[in-house]
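Following are the structures in question.
Below are two complexes that have chain A in common, paired first with chain B and then with chain C.
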Partner chain A sequence: MTQDMLLTMVSGVPWTIALTAVALLIGVVLGIPLCAMRMSKLVVLRMVANTLILTLRAIPPIVWLFFIFFGLDTGYVSLNPFQAAAIGLGLITAANMAEIYRGAMSAIHSGQSEASMALGLSTYHRFFDVLGPQLFRVALPSAASYAIGLLKDSAIASTIGVHEIAFEASHVSQRTFRGLDVYAVAGLLYILLSLPIAWASRWADLHLRARVAR
Partner chain B sequence: MSLNSSSITQADVAPKQPLLRLDAVGKTFGTHVVLEDIDLSLAAGEVVAIIGPSGSGKSTLLRCINQLEPPTTGRVTIGDTTIEAGHTPTRRELMVLRRSIGMVFQSFNLFPHLTVLRNVSLAQERVMGRTREQADAVSMQLLARVGLADKAQQFPSRCSGGQQQRIAIARALALDPQIMLFDEPTSALDPELGLEVLSVMRELAEGGMTMIVVTHEMRFAENVSDRVIIMADGRIVEQGPSGTVMRNPQTERAQRFLHAVKDR
Partner chain C sequence: MNDLVDFWLEHLPAMLDGLMVSVQVTGVSLAIGVPLGLLLALAVQSRSKPMRGIAIVVVEVGRGAPALILLQFTYFGLPNAGLSLDSFSSAVIALAWCTGAYTSEIIRAGLEAVPHGQKEAAEAIGLNHLDALRYVILPQALRVSVPALLGFSILMLQASSLCFAIALPELVSQAYLIGSTTFRYMPILVLAGLLYAAICIPATIAVSALERKLGAHA
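Here is the complex of A and B:
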């Protein structure tokens, strides 16, 4: 393994991080309205949300990426590989985050909502002052494991030409006819990236636990 | 606003003018009738205890009053706001209703992610539009009143059940309610901790607060409340001045219930 090969592979790291971060951000944000629709009193909204979530989760990510990158690029929209991958993974993440939020919501005692209503708090304040912060704490461990999964799944963006770790590894491997050490290094890079997420999640979990323990 | 309402609650209102009125309030869940034809009116400063066996609809009645459980029939009137069953109340009506009515729950329901002080201040800021400083000042007074000023910066999980319930009372009082509803406030507490909550409630009652208390504490019902309502199977089976009802109940159902709990 030459320094040159190593550097090429490391150059994929920022792309992996950027893709994971953008997709996660899209998912974390869009997951909120999706979850709200999923739990709405209106049947129509629930059905729309259910259909969206089911569709996003049932179709393999790689098919979504191909669909967005090759399918939508019809002259009207022009997406570069990174944008297509970020949108695709972001939407899939939104569907999964919506389900994670929903699970967390059911873990919060109904008394929290009732106390907020009895105090006259509006729906907005009930969510942002009372339920949201608790939801964050409850959803954090599942969201963190999802983030680690997403980091690894971002490798499929290599198939549409995003220059992330897996893309660079396969590039180096094809150029040098070496597989074992190249892909081992790629694997190591993914491990190194996952660890901080796991640590941060553990730390935040311990730090916040005291404030939600009932 | 707050000064006005509290001075009215004291004495100026003629006893004929009820603060709260329920007319023929009923609640069914599917085919299950939980409350049937409840009429109730409450004068300012009155303390009413609601007792009765489990499942008699006491808590549901309380929750119907502030619309946590929308009644299926009848109407609830507080001041000049009337909420009719079957019509979804407007946001404004709900706001008026809930600002006028404070509620204390069996399971306290403090916000675990907020300090004790923030628990008491939050709704003052969000609902009454007080600034943080104003709200915190009011909260500190109320916490002192329930004997917990030293807990202001703690999280609720660091407080005992009795302390949590006293904080919950302070939180409800912070909105200057005209009426306080207590839903079995001591049922989740051991007797000793229950006493500290009951003594806060007794002080409130003596201070002229209008209260409806759903309780299993027979001594509180007899000694602190002005009026006792006995419920069974979703109906009021007997009501009257607390001494009379507790010592000399007229209906067979009330006699049976009081006999069963007389040693509590």
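Here is the complex of A and C:
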């Protein structure tokens, strides 16, 4: 393993981080309306959300990425690999985040919602001032473990040509005919990247958990 | 529309062949990986320090490194160590490793869910360690783990799609091949997605129904 090979692989790290961050952002935001639809009183909305979530989670990420990158590219829309990967992984994350929000919602005591209604708070204030902050705290650990999973799933983007760690690794391995150490280092890079997320999540959980009503 | 159906029907046999390979590689990986997960779960709790150390490294690498990297490591990396494997065997090794690492955590949670008194009672009536495990602890622990293990099996079928990267002729490879020869990526990828969904959606619904049913008696 020469320094040059190592540097090439490390050059993939920013792309891996950027892809994970963008996909996570899309998922965290889109997950909110999806979860709201999933828990709506209207049967139609619930069914649409349910179908969306099931479909997004049932089809492997690689199929979504190929579909968006090769399938949608018919002349009307042209996406570069990074955009296609971010959209694909972002949509899958949205479905998973919706389920995480729903799980967190059921963990919040129903008295919180009843109390805010009894106080006459509007729906907006009920969600944004009472339920939202608690939801965030309860959902954080599962969201963090999902983020670590997403970091690893972002390796799939190498198949459509995003220059992230796995892409650089296969590039280096093809050029030097060395696989053993190259892929071992690539795996190690992913493990190293996931450590700060796990550490930050544990820290935040410890500090934020105290402010959830029991 | 007719055109699309004809296109799908024409390529359906090749796609079903690919699906068979996907299911086979998933099945073999699970058949090796789940027992491996059980061994790892027991090894992580073992009293011997070297054994615990090895088990923890195997589990953490299996969970920490992306499945795609594990696949490429076994297919492109192991030949450097003098071990050349065909794509099916490499896929099975990598996915079984991944399965073992994840299921060891699922099974460990199941083992921890068994009340401590069960172990003490087994010891009190004079069962040795192995018998206590075999007749008392494991039957209860595995029952708790079943829904999570089934859920994980569905994820493994999806993960088998990554074998595309090591040229295993599974569903995604077939779809990609057909797409690149006919230049009709969109319809063939939709068919691939439908085939995955046809297995995974009913399976997901069945697993969550089972989970609710088992949870009702807890």
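Here, the second predicted complex is superposed on the first by the 213 of 214 C-alpha atoms of A that agree within 3 Å, B and C clash if a C-alpha of one lies under 4 Å from a C-alpha of the other, contacts with A are read in each partner's own complex, and residues count from 1 in each chain.
Everything below uses one rule, namely that contacts are C-beta pairs under 8 Å (C-beta built on N, C-alpha and C of every residue); 3 or more make two chains touch, one makes a residue touch a chain.
Computed from a predicted model, the values in this text were never measured in an experiment.
Shared-chain residue A:38: touches no atom of chain B or chain C.
When the shared chain is aligned, chain C comes close enough to touch A:57, but chain B does not. Looking at the shared chain after the overlay, A:102 reaches neither chain B nor chain C. With both structures placed on the common chain, the touch criterion links A:130 to chain B but leaves chain C unconnected.
Counted by residues of chain A touched, the larger count belongs to C, out of chain B and chain C.
By the document's definition of touching, neither partner reaches A:163: not chain B, not chain C. In the superposed model, A:115 lies in contact with chain B only, and not with chain C. Within the superposed three-chain model, A:182 lies in touch with chain C and out of touch with chain B [touch as defined at top]. Within the superposed three-chain model, A:66 lies in touch with chain C and out of touch with chain B [touch as defined at top]. The intersection of chain A residues touching chain B with those touching chain C, taken from the two complexes, is empty.
Against chain C, the residues of chain A that register as touching in their complex are 54-55, 57-64, 66-67, 70-72, 74, 152-156, 158-159, 166, 169-170, 173, 178-184, 186-188, 190-191, 194. In the complex of the two chains, the chain A residues touching chain B come out as 109, 111-112, 114-115, 117-122, 125, 129-130, 133-134, 137, 210-214.
Put simply, chain C touches chain A in their complex at residues 60-61, 64-70, 72-73, 75-81, 158-159, 161-162, 164-165, 172, 175-176, 179, 185-186, 189-190, 192-193, 196-197, 200-201, 204-205. Taken in their complex, chain B has these residues touching chain A: 66, 68, 91, 94-95, 98-99, 101-103, 105, 107-113, 122-123, 126-127, 155, 157, 168, 171-172, 175.
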